[in-house]
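Have a look at the structure below before the remarks.
Chains here go by letter, A, B, C and D, matching the order in which they are written, and residues are numbered from 1 within each.
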Amino acid sequence: MTLPTEAEVLSWFEKLSNWGRWGPDDRLGTLNLITASTRVAASRLVSEGHVVSLAWDVDTTPQRDQTYGPPRRFFVTTGQGLADEHRIDPHGNPDNRMNGALEYLGYVFHGYSVTHLDALSHVFWDRKMYNGVPAELVSSSHGATAHDVTAVKGGVITRGILVDVPAFRGVDWLEPGDPVTATEVRAILAAQGTEVHSGDALLLRTGYGKRRAMQGPDDVRALGRAGWHASCAPLFHELGVSLIGADTAQDVVPSGYDSVVIPVHTLGLVAMGLYMIDNMNLEELSAKCASAGRHTFELVVSTIPFLGATGSPVNPLAVF
Amino acid sequence: MTLPTEAEVLSWFEKLSNWGRWGPDDRLGTLNLITASTRVAASRLVSEGHVVSLAWDVDTTPQRDQTYGPPRRFFVTTGQGLADEHRIDPHGNPDNRMNGALEYLGYVFHGYSVTHLDALSHVFWDRKMYNGVPAELVSSSHGATAHDVTAVKGGVITRGILVDVPAFRGVDWLEPGDPVTATEVRAILAAQGTEVHSGDALLLRTGYGKRRAMQGPDDVRALGRAGWHASCAPLFHELGVSLIGADTAQDVVPSGYDSVVIPVHTLGLVAMGLYMIDNMNLEELSAKCASAGRHTFELVVSTIPFLGATGSPVNPLAVF
Amino acid sequence: MTLPTEAEVLSWFEKLSNWGRWGPDDRLGTLNLITASTRVAASRLVSEGHVVSLAWDVDTTPQRDQTYGPPRRFFVTTGQGLADEHRIDPHGNPDNRMNGALEYLGYVFHGYSVTHLDALSHVFWDRKMYNGVPAELVSSSHGATAHDVTAVKGGVITRGILVDVPAFRGVDWLEPGDPVTATEVRAILAAQGTEVHSGDALLLRTGYGKRRAMQGPDDVRALGRAGWHASCAPLFHELGVSLIGADTAQDVVPSGYDSVVIPVHTLGLVAMGLYMIDNMNLEELSAKCASAGRHTFELVVSTIPFLGATGSPVNPLAVF
Amino acid sequence: MTLPTEAEVLSWFEKLSNWGRWGPDDRLGTLNLITASTRVAASRLVSEGHVVSLAWDVDTTPQRDQTYGPPRRFFVTTGQGLADEHRIDPHGNPDNRMNGALEYLGYVFHGYSVTHLDALSHVFWDRKMYNGVPAELVSSSHGATAHDVTAVKGGVITRGILVDVPAFRGVDWLEPGDPVTATEVRAILAAQGTEVHSGDALLLRTGYGKRRAMQGPDDVRALGRAGWHASCAPLFHELGVSLIGADTAQDVVPSGYDSVVIPVHTLGLVAMGLYMIDNMNLEELSAKCASAGRHTFELVVSTIPFLGATGSPVNPLAVF
């Protein structure tokens, strides 16, 4: 395959654009491709009643790939010292048989470690979000006053398809910086015997989860990361993909395109209105698909509807 | 119905106990009642492909019912000032066509406003959690080293049943402090024509969501709150309920039992290992059940697997 | 006194301007008026060795005047449960005789409750800070890259003067919205027998501290607040005041000038480079000045040098 | 010098104890040694009007010695985008000439990077704080309900003495793990010609600041750190030292005493009631003392009176 030139990639901001396709006020983008019958059909993929979580645990331990600092977990009340002589009961409860624990959780979920969904307010191109909404509507005082994550409050239920690159190539994992092109995605789908329907979700496994477990997290800025090549954007458009996911942050790093550093994020979120889930855990899913002899399943994604937020931590479920 | 005495309620810590029922190391409690075939059957309830979100938006605006302070949302980068003359690009990107926004989110999800699931580490009785685990294993330094929310990383997929009290009584909502007894729950289920199976989830609508929308949030400590009466605990046990939820924080406040202030929480989480979802939004669900002529649906709950946490904000989905 | 017109107040942005007065790169503004000999002279005011703190306690209890939410204090380790049977020592210390407690503190110090110093990056006029620095140099990603609080890392040591309005008027406190004009400030200084020297700090007591203690905190946005009238700005300029402080947030609210809502803040910080300390506790100081028969003392202000911050919580000390 | 045995060090918990010395309710500990006349005398050391800040900047950049994570600085409003076409004014101010910036600051100040004062609630020995107060009075719900930092709200003003070890030894800095014994402290004081009076503060310079600037921060847990040897505790007691400080976290690491890992902290805070300032910047002070030909100066320490906190970030000032 001849890789597209920088000019070609830039031309896709118009060619792949979904601006106006579902009306001027649309907030759902490619999730519009999921219809009621898509959901019913997805539910019919459930034959075993077996669930696979596609999220990593959120971990407060400092890690090299927590770009925006470690998640914090601060307890307000705990189970410690309930028998302490001088204990002050938080609720003024004298006999003190009932007690509880609760905590504050705070973190930046974007970046390279937490499994999360990007809302359409997360990325801008030429000062615009999807559907031409001005970038400045995402402000420090008011948050994302347009395209915040509450747009997907109804969740995502559709058919999920695993694109398992290491299984196809017969390797443990892809090395940092290794791109997965549209040509290879087509070849993998064919080899897997998977036909993509409009509204399906495509999940890319590069094996980073296995690599991280074996070799530890690394610094994406220094080493790069495997991921979708820019050439996949027209493929997503052609196939009618509703949602993409990956066990990295989608884009191969470096992308090879200086003027549009992360083309899958930028073309996807801004031009196409394509929601995406970064940093998924696809290891158990890979094993399950192999043993089940199929790479399709019901995918259920539920987001926390935090007003004004540009995305949400998620725990997507694959149901077989 | 004669309401149970305090001594009876206290006796239920033994009578309703599931300690050891699923082994000494069990972390799932009543979720063990959900089997693979429960999940397959639940998926077969999906006939329309229609989804109803059962969560409230997480709102940073200070509210009277945010017991532990308002959720915070702090942006690290925004879409503001992208054309500012003296702008310093966070990524040192000179041409500046691609930009992004991201934020820190921090909050205590427990309490009376955020829709959330309680893990089994949230409540203690006599310095013990479910299955006899010492309360002190939940500490400020290490978090919940037992029974943290990652136990339910696989989510909850089962049949959900709405118990719609205002619809049954023909009122807009229940007033603060109004209990829903086991007798009334049975009557509502009968009136709705709903038979409970082992593994089902029961969701209690008191109409608080409507009341809050009309009259504003109020202070539960001052006014009380409608909810399940303690007498429902043996009912949950008898019926094999896997999970409960409510549009309040489960327990009627005040509960009427001085020595066990919130008996549904305490008996449920500690004795029974019964997971529960507080502060659900059941308004749209109530309308949907009425129009669909059924009070059963597929319920999907996905939790954020934050290590050491005593629960998770959630956005449960009811699928018809 | 005839109060100045809006046009007059606006003209002061030029007339009172100190831009360029101490060089194009100056960060100290009116603190340049404090010389080495000012400091030596201030130290000579110490005759009794008596210290008065001019700060309020920072309180995590929600209060009506915490504009940006209550301060948070989250403990990481505590002194609880040190004898718990199943305790996990944070340091893996087996004999466990030595233990410690530590915490995370997080808050917005600006607003109407915490005693704090405003740095010159806190306020903009026509998109400029003091000395013509572009406002956009204060960004969410990088913080205040100009005029941050580290400019005053060397602290402020000078002669402080209390301007005690309630004592002068013979009242307990000034009501919300009551202005203190330049004419009254001159009269109070004369009545107190206090002559102002270049480099002195002027501290305004409106009695709000007493009012707050008696009647509770109130909402400045609803009720207004007593404070300096705009007419004081030229007076500060004429007298060579290095720093101002008040037991409110300086400006009388409402100020009476629609186009420059808080003129003392805006003229002071932007045009004059005048640092200011909001929300001081001047109650004990008032009593001490009365009993000592003098309204002058050594004032010592030390700021936390947080890089990129627009100010600092402070605990100013008045030394007699 | 023969170093004290572990048994000797343990015996000092009784021998050096100040429990009860200033009454059963005392919160000031050795700060009681500072009298009004101490303060007057300290002010008389001011002859030049020259101030040296003894704090490091608080830096949000992740560093190896931030034991409890990097400080966070989150802006709520900034100076960015004030000319943006679609800007939403936070105050609904239409003409928009006045604007402002403000931020949330959040951090754990204890540890090895931020300059801070330890309050007497920071460390426990045998489940007790200074004066026999139970450790469990420091709880996650209520904070330090005894010996919190508001005890020193009046600040510390006294004579400071620099103990400049690298200058004495003729080296750039002390290597990690190098102890400064009582014998050497006496020798340095003699060489500097400094006689210690009751109420003085002793500040130890190991040169770590210079080392950190040249070689970067390192991990104290892996490498150790230079500091006071345990043998200094009786010396402090004998000399009547009111406060100690250091450019490290006081104790040499490792201390050489397994059963009392950080003896200076533990004996000081618990037995003696000796307040201490960790992680000071003593580099400029060292140069100033050398050029001024004296190692004594007025020391002014002002703490932020955060209720329930176990200490405070500080910016101590040395005034010459």
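In the analysis below, a residue touches a chain if its C-beta (ideal position, glycine included) is under 8 Å from a C-beta of that chain, and two chains touch if they have at least 3 such contacts.
All values derive from a computational prediction rather than experimental measurement.
K.L.:
From chain A, count the fewest steps through touching chains until chain C is reached.
P.N.:
Graph distance in the chain contact network comes out at 1.
K.L.:
Over half shared numbers or under half: where do the identical copies chain A and chain B land at their interface, same or different?
P.N.:
Same, since over half the interface numbering is common to both chains.
K.L.:
Any idea whether C-D or B-C has more C-beta pairs in contact?
P.N.:
Higher C-beta contact count between the two pairs: C-D.
K.L.:
If you average the CA atoms of chain B and of chain C, how many Å lie between those two points?
P.N.:
45
K.L.:
From the C-alpha centre of chain C to that of chain D, how far is it in Å?
P.N.:
25
K.L.:
Where in chain A do residues touch two or more of the other chains?
P.N.:
72, 74-76, 78, 80-84, 87, 104, 134, 136-137, 139-140
K.L.:
Taking the touch rule as given, give the residues of chain D at its contact with chain A in the complex, in rising order.
P.N.:
62, 69-70, 72, 75-78, 80-81, 84-88, 90, 134, 136-137, 139-142, 145
K.L.:
Quick check on the complex: what are the chain C residues that touch chain D?
P.N.:
So the residues of chain C touching chain D come out as 35-40, 43-44, 46-53, 55-60, 68, 71-76, 78-83, 91, 93, 95, 97-111, 121-127, 129, 134-140, 143-144, 150, 153-155, 157, 259-262, 266, 298, 300-310, 313-317, 319.
K.L.:
Using the touch rule from the top, collect the residues of chain A that touch chain C in their complex.
P.N.:
Contacts found on chain A: 72, 74-76, 78, 80-84, 87, 104, 140.
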